[in-house]
Amino acid sequence: MAVSIKPLADRVIIAPAAAEEKTKSGIIIPDTAKEKPQRGEVVAVGEGKVADNGTLVKPSVSVGDQVLYGKYAGTEITVDGQDYLIMRESDIFAIL
Amino acid sequence: MAVSIKPLADRVIIAPAAAEEKTKSGIIIPDTAKEKPQRGEVVAVGEGKVADNGTLVKPSVSVGDQVLYGKYAGTEITVDGQDYLIMRESDIFAIL
Amino acid sequence: MAVSIKPLADRVIIAPAAAEEKTKSGIIIPDTAKEKPQRGEVVAVGEGKVADNGTLVKPSVSVGDQVLYGKYAGTEITVDGQDYLIMRESDIFAIL
Amino acid sequence: MAVSIKPLADRVIIAPAAAEEKTKSGIIIPDTAKEKPQRGEVVAVGEGKVADNGTLVKPSVSVGDQVLYGKYAGTEITVDGQDYLIMRESDIFAIL
Amino acid sequence: MAVSIKPLADRVIIAPAAAEEKTKSGIIIPDTAKEKPQRGEVVAVGEGKVADNGTLVKPSVSVGDQVLYGKYAGTEITVDGQDYLIMRESDIFAIL
Amino acid sequence: MAVSIKPLADRVIIAPAAAEEKTKSGIIIPDTAKEKPQRGEVVAVGEGKVADNGTLVKPSVSVGDQVLYGKYAGTEITVDGQDYLIMRESDIFAIL
Amino acid sequence: MAVSIKPLADRVIIAPAAAEEKTKSGIIIPDTAKEKPQRGEVVAVGEGKVADNGTLVKPSVSVGDQVLYGKYAGTEITVDGQDYLIMRESDIFAIL
């Protein structure tokens, strides 16, 4: 899964994991009660950030990585009917 | 499409994409209800930003690029009766 | 048009363009309803800003340039009965 | 005890120490009254932070260290049913 | 006009110009209605600011310069019964 | 007096001086009215702070120093039943 | 007049000048109406501040200097029954 968008600088595009549709005990969760997921798959990565001394710091995540990010990280964008999150690499906590 | 304005430093002038005039099902959307578009075409680019060590960091977008930007990014300006947005390159999320 | 004031550092003095006195259809606009113009002519330019590493970054606008600036940019000053705006060069968006 | 998550940059994953279940005099503390512990064990460490001049500053804590951190430090994450805290190394006060 | 005070770093001491005592048409303005002047004469200048790389950036104003400054710039001090303003050089807009 | 905790970076652990139990005239001060002391003894010192250029800036206080610090400086921690304050070295005003 | 306290970094200890006890016309001013003085004598000086590039910037005031400082500058400390102000050197405006 990859998208044709090219994020600028140290930005990353993430396809959020689908929210759980059922509780563990099998009860179906209505849309409004679904918890916003905090993990997703990286689908596009920018070229990196220009450091203060002019060198380019390459991102440390790659397309395909499963990542963990903050609850309010990023901005929602819609490309070809799909919802993605675009955020700075520093908003990503960890690679799973 | 290009304009004769020369943005300073790392500023970029963007012609916002026209807002949708109809919903998918064909209902005409009145002007006030139209969602402010978040994509547009770059029509002018500044020379770049001077880094802390004095070197010029060239912008990574070019005239003609279709770009994605934040909902509240930039300042509206009117040149020859046309509405544009002028923003810093760092307000641009991605190139489509 | 130039003034004998020498702005310090990266400051620029601008003579704002006169506000429109009439609407397009010819109605005269009273003084209080006139929109504050956002374009003007550069009448004096400072020597530039000293960068962190001690080098002088020369301004990129010159006396006589027609410029575009933000609605709330600068401070109003009065010199010899004339009203000017004094602002930092970074408050100028673009050269027309 | 270690987890398979790879924190980015200068982030650290910590398994908080279990909250006291009893007071010193033996009274069982209900869940809601338990004080949030401020010590825990480091279970994963990022590769370090890129300094302004581009060099990598290695973290000074290691997996297995018992650490002390601020009451509101970090973000809670759940991995394989276990609760962890993910925080920046600078949020850690001391190694016990 | 010069004072024996030695301002530290990039500070400057200014003797504000006397506020107008009469309107142009000759009406005497009471003390409370007098507009706080925004121009004055430099009476003492510090040695300059130490830049991030340790070099001294010399001030660009000199004792005797007539300067323009912001309405709320500086702190009022009283030396030998005289009122002065002490401000950073960056609070000065321009030399007249 | 020293503790076995190793503070990270430029952090310092301080054993606050005991609050006065009596007023000068001999009246016993109840616990709640005791003024929080602002002096104490350094019991542990971190290795120092990594400067922007990557060099380590050693702390200028040592274990055993009697120091003066701000009223609201630091975070209270309890180690082996003893109360300490952990703060950054920059929160310390002076060595007595 | 000097104290045995060693201020850290760019901190300075100042003995504030005594507040005026009488008005010019000889009326005695009660304690609560006395204006907090803004001048004093430097009684102790730190070793200086470590600049970003690791070099030590020596303070430019010395013990014995009469200085002028802001109304709300510094923190009050009491050493051997005497009241002093401890502040950063940058809070000092000028040497008298």
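Read from first to last, the chains carry the letters A, B, C, D, E, F and G; within each, the first residue is number 1.
The working rule: contacts are C-beta pairs under 8 Å (C-beta built on N, C-alpha and C of every residue); 3 or more make two chains touch, one makes a residue touch a chain.
All values reported here derive from a predicted model rather than from experimental measurement.
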item	value
Length of the shortest touching-chain route, chain A through to chain G	3
Size of the rotation, in steps of 5 degrees, that lays the CA trace of chain D over chain E	155
Geometric centre distance via CA averages, chain D-chain C, whole Å	53
Intercentroid distance (Cα basis), chain E paired with chain B, Å	43
Chain A and chain B: spacing of chain centres that average the CA atoms, whole Å	24
For chain A, residues that touch 2 or more chains besides their own	52-53
Circular arrangement of chains, read from chain A onward through chain B	A, B, C, E, G, F, D
Contact set on chain B toward chain C in their complex	4-9, 11, 13, 44, 46-47, 50, 52-54, 75, 77, 79, 86
List of chain D residues in touch with chain F within their complex	38, 51-53, 55, 57, 60-61, 68, 70-71, 89-90, 92-96
